[in-house]
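Step one of this worksheet: look at the structure below.
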Amino acid sequence: MLSKAISTLKAWFPAPAVHAHCDGPCGVYDPSAARINAEAVLSMTKKIMDLEIPATSDKAAWITYENTLSRYVAIKEEQAQKAKEEILILWTDYFKPVHLDKYPDLHDTFWKAAKLCSACKVEVSLQHAQELMEAVQKIHNMFWATKDRDVSWYTAS
Amino acid sequence: MLSKAISTLKAWFPAPAVHAHCDGPCGVYDPSAARINAEAVLSMTKKIMDLEIPATSDKAAWITYENTLSRYVAIKEEQAQKAKEEILILWTDYFKPVHLDKYPDLHDTFWKAAKLCSACKVEVSLQHAQELMEAVQKIHNMFWATKDRDVSWYTAS
Amino acid sequence: MLSKAISTLKAWFPAPAVHAHCDGPCGVYDPSAARINAEAVLSMTKKIMDLEIPATSDKAAWITYENTLSRYVAIKEEQAQKAKEEILILWTDYFKPVHLDKYPDLHDTFWKAAKLCSACKVEVSLQHAQELMEAVQKIHNMFWATKDRDVSWYTAS
Amino acid sequence: MLSKAISTLKAWFPAPAVHAHCDGPCGVYDPSAARINAEAVLSMTKKIMDLEIPATSDKAAWITYENTLSRYVAIKEEQAQKAKEEILILWTDYFKPVHLDKYPDLHDTFWKAAKLCSACKVEVSLQHAQELMEAVQKIHNMFWATKDRDVSWYTAS
Amino acid sequence: MLSKAISTLKAWFPAPAVHAHCDGPCGVYDPSAARINAEAVLSMTKKIMDLEIPATSDKAAWITYENTLSRYVAIKEEQAQKAKEEILILWTDYFKPVHLDKYPDLHDTFWKAAKLCSACKVEVSLQHAQELMEAVQKIHNMFWATKDRDVSWYTAS
Amino acid sequence: MLSKAISTLKAWFPAPAVHAHCDGPCGVYDPSAARINAEAVLSMTKKIMDLEIPATSDKAAWITYENTLSRYVAIKEEQAQKAKEEILILWTDYFKPVHLDKYPDLHDTFWKAAKLCSACKVEVSLQHAQELMEAVQKIHNMFWATKDRDVSWYTAS
């Protein structure tokens, strides 16, 4: 009934225990989504750096190279963008004012992580890609600590 | 040089060890992506079933109810679609003919999992949502077995 | 040449004057994008509240009502999501550490604005929709002040 | 009730005063959205033209160059596409037959503007990028004139 | 070489024979894409009208009904939007000034077709959905006539 | 009423005659969507191979070349991805267990077709692009045979 619906609704937002990855709130979030994207950014960064550059006079080799490099840059871009989105969802939707006591540097942690995603797009930098992985791991640890759960950090690649 | 580029390229596709989640191949895949989406489908399914239906004569309550229900259905739809996409990427890009020896029912496993995603859209069914979680877990086990790694199955919600 | 390319690249990031709305950096940003989306959220919120609820026994009227309401909720959702994205691009890509002196509450301003976007999705609330417009206006003022420009705040609707 | 719902619905479409940017109709439109995208097209066009081309023998410089150029072309593409979409929304959803008296060349204006977006994709042309800005400004003036409002034309970059 | 590249480039745009569905120009276009979307709009419109409305007191039936109706409206919306996009690509990218002699009402034909897409979103109207099919068929005939080809009009449903 | 709604719902899924291209089920599907995308992949593949490679010392020619090549690779990528999606929708949503009697190699046909889409992305291969067209034609024939209809295979380019 009406009063039950209203009290239920109020319990959702801005209740401290609400976490959403889709603004439902559906109660499902997992930093592994951001981790997968960050792993791809690192992988593509390495692959771009490993490509041999053929001579432009060798047409077939040049086409293969340009097709491959172009795709790698685009995939790096897309994965860095997705990593940024996943990271920001955690900041805007999961973390709440109650978490600021335990993590007074919460905003700065997320700001830096998002800016690292941009750096990985703008540059082909192994350093930034590794820093991004570390930033995501830091967020992974903070996240699971707030839920009092011990979920291992692992990489798929 | 050209010959090195070509042999490198040939090693990628259709080499048995190539796995991609973005057709790079970037070498990063993790069934946890599909698992997160499936968890959200289950969560939204439960939330839809738990909503109290107010009287249409109570305008404020009715608007709240319709806004909430409408959003829940849309999020369930979106998450079921994403789960389907993640599942299919594994089938088309990760699994290779060499895997058919160990998993002769590979195609049927994935076909059924994808059809379960559709069922979760078309219906509000706790049974199908749970079957989808089981299908994703089966795929998780197959996937990590092919990589000789023991990665725990866990849920974020 | 290499040194010129490197010094040019370093000048872009994290140089204080870099602003991007597409991680180019392309140097183009304008809070009016977020403003348009916020106006639409407010507009749809009002329209949802104004709809008359017909009797379910009147099939034709009921279908019209459900089609309209469903679409309004979906458009409100989409526009609130776009507003959130536009707001976050400003936070992650435009604003830099140098701005924290003048705006020590920068992070909190953006955090609250993003959470208002979520509130406008989850609820049908004139209050939150208006608060969102005010949050965007506050960001508009901060933004143009950092650029030493006086660009009027206006609404299109 | 039914008759009120129907007369309300009829008032929306194709009433001469209906304007939408999201087919709500939500009543919110602003050519500044198209203007921001067009500014980015111009900005990226200039940036592409300004890049120094290193020697392919300098691997690090070449990777930086290709990453940067590839991204610039992709951003130019994306922004030109968005500009086209925003321009077309105005043509299909905002402008109505009643406007043809005042603007007999309405269709041609929009047709040319859309084709300019394509030209900016297909070429790296400062001329076309500037013509696109002029086309958007022309549309800005027509738009606000139909609403009897004087909204300044300004650029964010 | 340079002169060859330039003459090739000039031959593409605004050459009268250039047609693109992706601004490549890739030279591939087919109104059947728009036709498939329009068929789906018609199909969903009929399905919405055929749904029986249960009593709100029957919770299970009500949830099924709302899930189904909500999805149908969303799919109708998505398909009408895609139809609009496919129609507009033909107008902006395929048709050229040379076609205006044979089709002086070209702009109006496309304007009306796009506005029909909006009407099909805003209303649940069998009439508009059928008019949209007729508009697409008219465009199909114009298109293939300009290519001097006789491609049958058929429907998939 | 309830029983009618339930029997109608059960008739949709998993009834053998249900076919959807949007999980409605809307009953509209047509392999021509996949065919259009595959044609574009072939067209872009040819265009990439036909581009002349200018000297890097000729800046204007080099910019034109890189802009064009970059766009062609991106469009090939996008169209190959869309072809893959359209192909998979047929496999997951249209084809049912009842079809396995007539087409025991159904899964393998679709698996290979999807992997060809990936090959067309990863390589610039006329052979793979033509094989993809053949794979789509095979699917076209299977599809219309299951519907007892004779719909001609034609290409738009």
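When the chains are written out, they are named A, B, C, D, E and F in that same order, and each has its own residue count from 1.
Keep this in mind: a residue touches a chain if its C-beta (ideal position, glycine included) is under 8 Å from a C-beta of that chain, and two chains touch if they have at least 3 such contacts.
Predicted, not measured: the structure shown is a model, and the values here were computed from it.
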In contact with chain A as well as chain F, sorted by label, we have B, D
Based on the averaged CA atom positions, which chain is farthest from chain D?
B
Of A-D and B-F, pair with higher C-beta contact tally:
B-F
So, in whole Å, the Cα centroid of chain A is separated from that of chain C by 21
Length of the line joining the C-alpha centres of chain C and chain F, rounded to whole Å
36
Whole-Å distance, chain B centre to chain E centre, using C-alpha means?
30
Flagged in chain F as touching 2+ other chains are 9, 23, 56, 64, 68, 70-71, 74, 121-123
Taking the top-of-page definition of touch, could you list the pairs of chains it picks out?
A-B, A-C, A-D, A-F, B-C, B-E, B-F, C-D, C-E, D-E, D-F, E-F
Chain E residues touching chain F in their complex are 1-2, 4-6, 8-9, 21-24, 26-30, 32-33, 36, 39-40, 43-44, 47, 51-52, 54, 58, 60-61, 64-65, 68, 71-72, 75, 78-79, 151-152, 154, 156-157
Where on chain E does chain C make contact in their complex?
48-49, 53, 55-56, 69-70, 73-74, 77, 121-124
In their shared complex, chain E is touched by residues of chain C numbered 56, 59, 62-64, 66-68, 70-71, 74
Which residues of chain C touch chain A in the complex?
9, 12-14, 20, 23, 25, 81, 84, 88, 91-93, 107-108, 111, 114-115, 118-119, 121-123
